[in-house]
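Across the two complexes that follow, subunit A remains constant while its partner is subunit B and subsequently subunit C.
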Partner chain A sequence: MIVALFWVLAVLAAASGFLVFRLASMARVTIALLVSFLAAGGLVILLGLAYLGVVVILMMVIEMIIMAVFMIAYMMQPAGLGSMAMSMSHNQRSAAAISAAAFVLLGAGALLAPWPHRAGPAPGNPTFQLGKTIMGPQMLTMIILGLVLLAAMVGAVVLALNRGRYDRFGDDLKQRPPADPARGGIGR
Partner chain B sequence: MTLQLFLLLAAALFAIGLYGALSQQAIVMIMMGLELILNGVIIAAAAFWHYLAPGMASGQVIVVVVVVAMAVEMAVGFAVTTAIYRARDVSMTDEAAGLRR
Partner chain C sequence: MNWPRQEWERLMVANAPPWAVLLVPVILAGFAFAAAAADGILTARAAGGRLTGAVAAAPLAEVARLLTGQRRVTPAEDRVLWRSGLIAVPVAAALAAVVIPFGSVTVSRMSVGVVWFNAMEVLTWAAVWVAGWGANGTLSLVGGYRFVAQGLAYQLPLMLALICAAAGAQSLNVAQVVTAQAHVWFAVWMPAAFAVYLAAVYAFSFLGPFSYPAGRDLAGGVMAELSGPDRLMLQAGRWLLLTAGAGMAVPLFLGGGAGPLLPAWVWSAVKTLAVLAVLVWARRRLPTIRADRYAELAWVVLIPLTIVQALVVSLVVLTRGGVQL
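== the complex of A and B ==
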């Protein structure tokens, strides 16, 4: 039963991942990527990591919804209401060759490497094990992850803003505000 | 179900993502390729934890790190897309040659 489930999820993950770059409609592309992630989350649950698998699934559902919004905003054929007007790819042949070579290399490594035997018994509760580790020996990792996320949030807002409040006055705040066609802003 | 099967699936997802990241022109599609690459890494890390060292949580921590990397990639990637689209009206990589020397 579990083996059958593994094969179904594995084929689903790889096939829908492949479809991401084959389908013409952007909406379908997003759904295909979501299916691939859901199958991957299922495989993580199958490996005994129920908590992380559910985290992956929940995060990917939200992420694909956001991605769909950006697809509609930036792509030419958002809903795929017709055939793609133009090809949106380049270097197809060399990209295929490079990725095939990468697959062969990684696959050979996976099959030929002398993997060690399983060390230690499986914990009774993997979620408890993870929680204890990130609140103990891996605390530094979590602190750094928190800082990275904070930097990403600040960076994303700075990049996406049309014009920040400091742009008007310069870095040393000495520059006079420019003639602004739209009134408002800081104290004006 | 063996470690090798999981690693082969991870390698397949990595290769598909690499193909997408190299061959697509739209910035959003390149980000989808990067997400698929990270998807493969998640499966490989979970399989390593389960088959090699379930006694330690290091494999699980790698999964957490990769999930965070995915979130950061999405947020900053879309912010860069927004910035370059606003500045140059560009949503394809081949049009964004302004930084090329």
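== the complex of A and C ==
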């Protein structure tokens, strides 16, 4: 049962991953990539890491849909209809050669490497172990990562905005309420 | 935790037989029908009509009408995505419901049930956006985008509300969330999390104040190009999601199947119906809110509010018993 489920999910992940490069419509590409990630999340659950697997599913749905919004905004022909369909692949021959070489290298590594055997019993609750690691020895890493990511997000939003505070609050920053194209939800 | 558990042992959820998974959509649909019928009765009463059996049975008649109706065909539709998005909405509702304990029985007692519910509810992001995209119609597409915008607003407060319940129980297992409410329901000492959760139930089923993606100003938005069985999928999916959300509110915030005299499953049903009744009644009293306005409210008010709520919960748990696993 587990083995059958593994093969179904593995083939689904690989096949929909392949479809990402074959489909022309941005919406289909996104959903194909999403299916690939969902199958990978299922594989993580099969490994006994229920929390990580479900979080992969949760996060990937949100990420893929937000990505779809941007891909469609940037593409000239996002629906991939008719003769205007854009090719998503370039330099196909050397790309195929590089892909095949990478596949052989990684596959050979997976098959030939001497994998270590587990020392000691498996932890009873992997979710708890994960939380203890993140909140314990890796706490500093997580805090720094969080700050860096937040700074990156704020920076990206600031760079993308075409209106600054002088547009909103006037030249001496005293204008109230701010001159926004649409009013916000809390009465500003 | 040093709370007495004996009385609650019977709520420690028993493993249901595997075929019980087939009962989940049936029970969910039963509650959803009750909610839709109550909604129809309220509509008829507001219109001054007479309350007849036909009014109460209107949802059933509507299902039959849509099942036999003709599908709308649009030029250059993306049929694969369109149909799979529509089917995914009710499927996501049923999948979310497998972790909800009904009395002392749950189909799945997985250790991360709270996160599972969240993940299955999030599937509607993809499903509704794709349903809007696939029809190749402007209004439908705008409706799909509206759902994503609304999702960005409601999702983080919802996650923090779920974190409050999980932190209060020190577990992501739904059965242990129920057990942790032996003395006091989480709704009592986590009122902000409960209110945010209920708002999110409207939001992921895009009903009531969050019906913006299917708004009348868009001629139905994401529903605009749907007829026949396609329309049934999305319409039924919305009510199933509302029901699953109401059902999950019971173990998360209302003590699960706990209650005097009656068996646990009766209490589960009564509480689910009570939450549904509140949601159905209130949805007619609340105006539809635009996603951009709710986004500001969510990010400026609700996220800090739920973070403070989670802090309070964590401090209470730490002082009352510390981490104990």
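Heads up, the rule we're going with is that the second predicted complex is superposed on the first by the 154 of 188 C-alpha atoms of A that agree within 3 Å, B and C clash if a C-alpha of one lies under 4 Å from a C-alpha of the other, contacts with A are read in each partner's own complex, and residues count from 1 in each chain.
Keep this in mind: a contact is a pair of C-beta atoms (placed from the backbone, for glycine too) under 8 Å apart; a residue touches a chain by one contact, two chains touch by 3 or more.
Since the structure is predicted, the reported quantities are computational estimates derived from the model, not experimental observations.
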Partner chain in contact with A:Ala152 - subunit B first, subunit C second, else both or neither: first
Partner chain(s) touched by A:Ala100 [first = subunit B, second = subunit C, both, neither]: first
First (subunit B), second (subunit C), both or neither touched by A:Ala160: first
Touched partner set for A:Arg28, first subunit B, second subunit C, both or neither: second
First, second, both or neither for A:Ala119, with subunit B first and subunit C second: first
Which superposed partner A:Ile66 touches (first subunit B, second subunit C, both, neither): both
Subunit B versus subunit C, judged by how many residues of subunit A each one touches: B
Partner chain(s) touched by A:Val55 [first = subunit B, second = subunit C, both, neither]: both
Subunit A residues contacted in one complex by subunit B, in the other by subunit C: 55, 66
Subunit A residues within the subunit B interface of the complex: 2-3, 6, 10, 13-14, 17-18, 20-21, 29, 33, 36-37, 40, 43-44, 47-49, 52, 55-56, 59, 63, 66-67, 70-71, 74-75, 88-92, 94-96, 98-100, 102-103, 106-107, 109-111, 115-116, 118-123, 126, 129-130, 132-134, 138, 141, 145, 148-149, 152-153, 155-160, 162
Residues of subunit A defined as touching subunit C within the complex: 25, 27-28, 31, 34, 50-51, 54-55, 57-58, 61-62, 64-66, 68-69, 79, 81, 125, 127-128, 182-186, 188
Subunit C residues touching subunit A - in the complex, by the definition given at the top: 76, 78, 80-81, 84, 110-112, 115-116, 118-119, 122-123, 125-126, 129-130, 133-134, 136, 145, 148, 151-152, 155, 172, 289-290, 292-298, 300-301, 325
Residues of subunit B touching subunit A in the complex: 1, 3-20, 22-29, 31-33, 35-36, 39, 42-43, 46-47, 49-58, 60-61, 63-65, 67-68, 70-72, 74-76, 78-83, 85-86, 91-92, 94
